[in-house]
Amino acid sequence: MFFIQFLKSSIGKKWIMACSGFCLILFLCSHAAGNATLFNSIPLFQAYADQLHSHPLIISVLSKALSLVFVIHTTTGVLLFLQNRKARSTGYKVQKRAVKYSQASRTMIFSGLFILLYVLAHTYAVSFGDHATIGLTISYLFSSPLVVLFYITSFIVLAIHLSHGFWSMLQTFGVNHPRYNKLIRNLTYIVPIFFLLIFSAISLLFIF
Amino acid sequence: MSTTSINLSLEIWRQKDSKAKGDFETYKLTNISTDMSFLEMLDVLNEQLTREGSDPVAFDHDCREGICGMCGAVINGIAHGPEPETTLCQLHMRHFNEGDTLVIEPFRSRAFPIHKDLVTDRSALDRIIQAGGYVSVNTGGTPDGNSTPIPSATAELSMDAASCIGCGACVASCPNGAAMLFTGAKISQLSLLPQGQPERKERAMAMVTAMDKEGFGNCTNERECEAVCPKGISIRNIARMNREFVKASFF
Amino acid sequence: MELKSNVPEGPLAEKWDNHRFTSKLVNPANRRKHSIIVIGTGLAGASASATLAEQGYEVKTFCIQDSPRRAHSIAAQGGINAAKNYQNDGDSIQRLFYDTIKGGDFRSREANVYRLAQVSNNIIDQCVAQGVPFAREYGGTLANRSFGGAQVSRTFYARGQTGQQLLLGAYSALSRQIKTGKVTMHTRKEMMELVLVDGKARGIVTRDIITGKLETYSADAVILATGGYGNAYFLSTNAMASNVTAAWRAHKKGAGFANPCFVQIHPTCIPVHGSFQSKLTLMSESLRNDGRVWVPTKPGDTRRPGSIPEDERDYYLESKYPGFGNLVPRDVASRNAKEQCDEGKGVGTTNLAVYLDFAEAISRDGEATILRKYGNLFQMYEKITDSNPLREPMMIYPAVHYTMGGLWVDYNLMTTIPGLFAIGECNFSDHGANRLGASALMQGLADGYFIIGTSIASYLGSTKQDAVDSDHPQFSDAKKQVQGRIDKLLDCNESGPDGKLTVDEIHKELGLLLWDHCGMARNKEGLEKALTELPAIQEKFWNNVYIPGTGEELNQSLERAGRLADFLEFAEIMILDALNREESCGCHLREESQTEDNEAKRDDAGYSHVAVWEYQGDRGAPKLHKEQLLFENVTPSQRSYK
């Protein structure tokens, strides 16, 4: 079938990465917006969480869909990594890149796996607990500087991942035009830094 | 033009044939004029090897003016060497310094098996073109050249893509051994022109499918291809191919 | 050897039509029963392969590079001529015809040149339809420029890469036929021998460049599209692999070789800067529009150009040719540059260069204007020489560029061997004694796209021949001969490399001999000297060359040696032809044939003919035949640039 064929093609796989990545960015936006309630107060955040959990649709469908997207993004990423290693099975003696500042694109698989680790830890600590007391769970968690450090490290890794991922997603979608490339280049800085700042600020709220 | 001479140490990949297991060999070259091109430097090495009775280094080359796309090797980790938008034959030794060690490796990719030393088999690129990199017109019976006006800017964009010399440096430099820039350039050239419209979808489908079949890797947008391309072909052409392929797949 | 030009009856403008009408055809259903071999995938070879396959023939195409797209047509920069008259500036088929035949100094066949001008327009249409991105005007119509001194703007171009774009167009048409299976493409295979059966060309022997395996292929006709022989001079603007082998093999089997001494030497190349130099790079002639050519008046002046005062500079072209100045034609510019260098006034490290100075143009028009015109050329020059032409004059020197001579062909592009055709630079047919700028691409594509199809049908339709396959004894004999030649080459290396010479060392020696005595200006004495010195080089090659490795592997030294062996034999008829042509014409000055003011003097009474050489076996001296040239529609006129 044409759809399966598309997905199996090299460009199809790029699209899977880009589309799932796009969904994950949207999720990050909503997550950031929800968590921003913490800037106001813990009870407001608790109220937001209660609201969220009062919608069966969100719990039963959206959260599962999100997990699915996450799994797709991760497995396709790992699959691509393995496939691509085979396509260039013999490396060069001198490993050198012609592109300056290619650290982010070079390390996508590693930053990705680190984020996976973070997500597992984060869901274990937060989502599987009692959502009725999530406000307390969070303030307890973030009272430990070690946890905050782990979180902030993860956000930095996420920002690095996004600094390539966001631009890469647009490129895959075919958005590359001299008229907009400057804007896109700026966005590749703004988007990751935005998420880094907002999430880090939240985790730091509880220390100070 | 200031001519000086430098001494070099070369580490070159030597491999007897496609089945042999290759390895690096080190050679010393003295008194290399900085006015030489990189390939002339290899010529000097080969003359030296021949006089010693050893096997000269096999390397592909032909026009030596940067347009045929036959030459190419990876110099110290960079395809076609350190100068941007320059093929190996147009790279001059003045860009190197006294006492430098140059590691010279063949273009590597699963789709480019090695024949001997630095000579690789890039016929996979030809097969991508054969899959659809053309406009299906027979000789004769074509309309007057001016019957379809093409905006100058469009012709220039198409020409940007068409200037690909098919050297394969994009594949060699890609950490994934992908041929997206090569394929994207040809798809772009023809999709931009009115002459390419009738077969636009079939072409995108056929060429991408052929590319995948040849064993090239996937694109992860690392931009290495664009950085080493001797003709400065932009990855905008890959973006265009992505669009073309999606359109062809779904609509 | 009989030279029948087979020019069709009728008025000049109707000959091609008449010919197509009277030619035999092959029924479309029968075409698949005929196979055709094409050697070479440049403009002529690729376009011929594609066109014949489209028509239904089974085509086997061969090239020595790793891909058909590498052929040296790809390096042509300037453009392609056509008589479209899109600019409404008075161009016409008749004018393109006249310019081409006059440019060739009236040494080509009227009917062939007229046909070339006729089909030139179809070429542009064909290439546009293939998606060749020619330069366009803002309104979307095709752009033209004037080129090579033509008085009309008839040159179509795609930046400075016209050859590349046209070749890629032909390559794409070829690729399409490879996909359909009508063309079997053999890359990295070198034609080593032509095989004749019953006096007709029926196949070839090839060597697989990767494995060294000799193979035979049979067909009903063989087309050579193997380019020119400029590399006989070692240094030329040709690609490294360009060679005369295929044409020479055909010659030795009976194909006449026409005008081998007609070699075009291009005045504006980047000069040689050392003995290691492997090739020369051409720069567009347009540079002479604004650059002034000069040398120091004192021989051996080693000061930097900037410190040579104005009154110690010799602007020799301007003083000698006040009418045309720096814009004299290619051959005059080339010849004078060599003359100055021979007098010891050459500049640069090798003293083999003259200055091309833009200082005056820059002070007159400003840097910006000059850069707009020549920016990319200046860049290219700086890349190679590391010197900026805005600051310091360029250095230029002439270089061998194109060979007008080639296998003799009749109006059908068939050589003197039935069934063997030669197209593109490989034949002699259209450029006479000198080729106009932007005409090489035109001829290659005209032959391949529009002419060879008719010729092949006419030949196959009128020739009865039995099916032959490569088991035929002629094939195994030819293969044995080729093997013998390779063994003989490799024999030389049995005693090791000590005291021996490399292939390139001997090639350079041959190149120098030809350049000194059979270059732009020739004289009897020099040519006779060259003729006596040539056997020593040949002998040195066969006794003293060292070729490492074996014949059963990728062996680039062996490839070069095989080609050089043929160049060494071929050089003899080049020199003989030059010696025989006791007139100055086209590209060449024969020193004995000059006017009182040292200008080239053509001798129409004695030399208005094509000189065709016939091979007489290893011992016999080559035999000269003449095809008289008749000019019924134009009147040969003498050039004057004073």
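Letters A, B and C mark the chains as written, and numbering starts fresh at 1 in each.
Just so we're on the same page, a contact is a pair of C-beta atoms (placed from the backbone, for glycine too) under 8 Å apart; a residue touches a chain by one contact, two chains touch by 3 or more.
Because the structure is a prediction, the values reported are computed rather than measured.
Tell me which of B-C and A-B has more C-beta pairs in contact.
B-C
Going by CA means, which chain is nearest the middle of everything shown?
B
Please name the chain that ends up farthest from chain A once chain centres are defined by their CA atoms averaged.
Following the centroid criterion, the farthest chain would be C.
Round to the nearest whole Å and give the separation of the Cα centres of chain A and chain C.
Here the centre of chain C sits 61 Å away from the centre of chain A.
Distance between chain B and chain C based on Cα centroids, please, to the nearest Å.
27
Distance-wise, how many Å sit between the C-alpha centres of chain A and chain B, to the nearest whole number?
Distance between chain centres, rounded to whole Å: 36 Å.
Give the residues of chain B touching no fewer than two other chains, as numbers and ranges.
none
Report the residues of chain B in contact with chain A in the complex, numbered from low to high.
11, 24, 74, 76-79, 103, 105, 108-111, 173-178, 180, 208-209, 211-212, 215-224, 227-228, 235-236, 238-243, 245-246, 249-250
Across the complex, what residues on chain A touch chain B?
2-3, 5-6, 9-15, 80, 83-84, 86-99, 102, 105-106, 108, 164, 167-168, 171-178
Under the stated contact criterion, what part of chain B meets chain C in this complex?
Contact set of chain B toward chain C: 1-3, 16-17, 33, 35-37, 39-40, 43-44, 47, 49-56, 58, 60-65, 67-70, 86, 90, 92, 94, 115-116, 119, 121-123, 125-126, 129-131, 133-140, 142-146, 148-152, 154-156, 158-159, 162-163, 165-166, 189-190, 193, 195-196.
Which of the residues in chain C come into contact with chain B in the complex?
47, 50-51, 54, 65-72, 74-75, 84, 86, 122, 124-143, 158-159, 161, 163-165, 168, 171-173, 175-176, 178-179, 185, 187, 210, 237, 239-241, 273-274, 276-279, 281-282, 349, 383-387, 449-450, 453, 496-497, 502, 504-505, 546, 548-549, 553-554, 556-557
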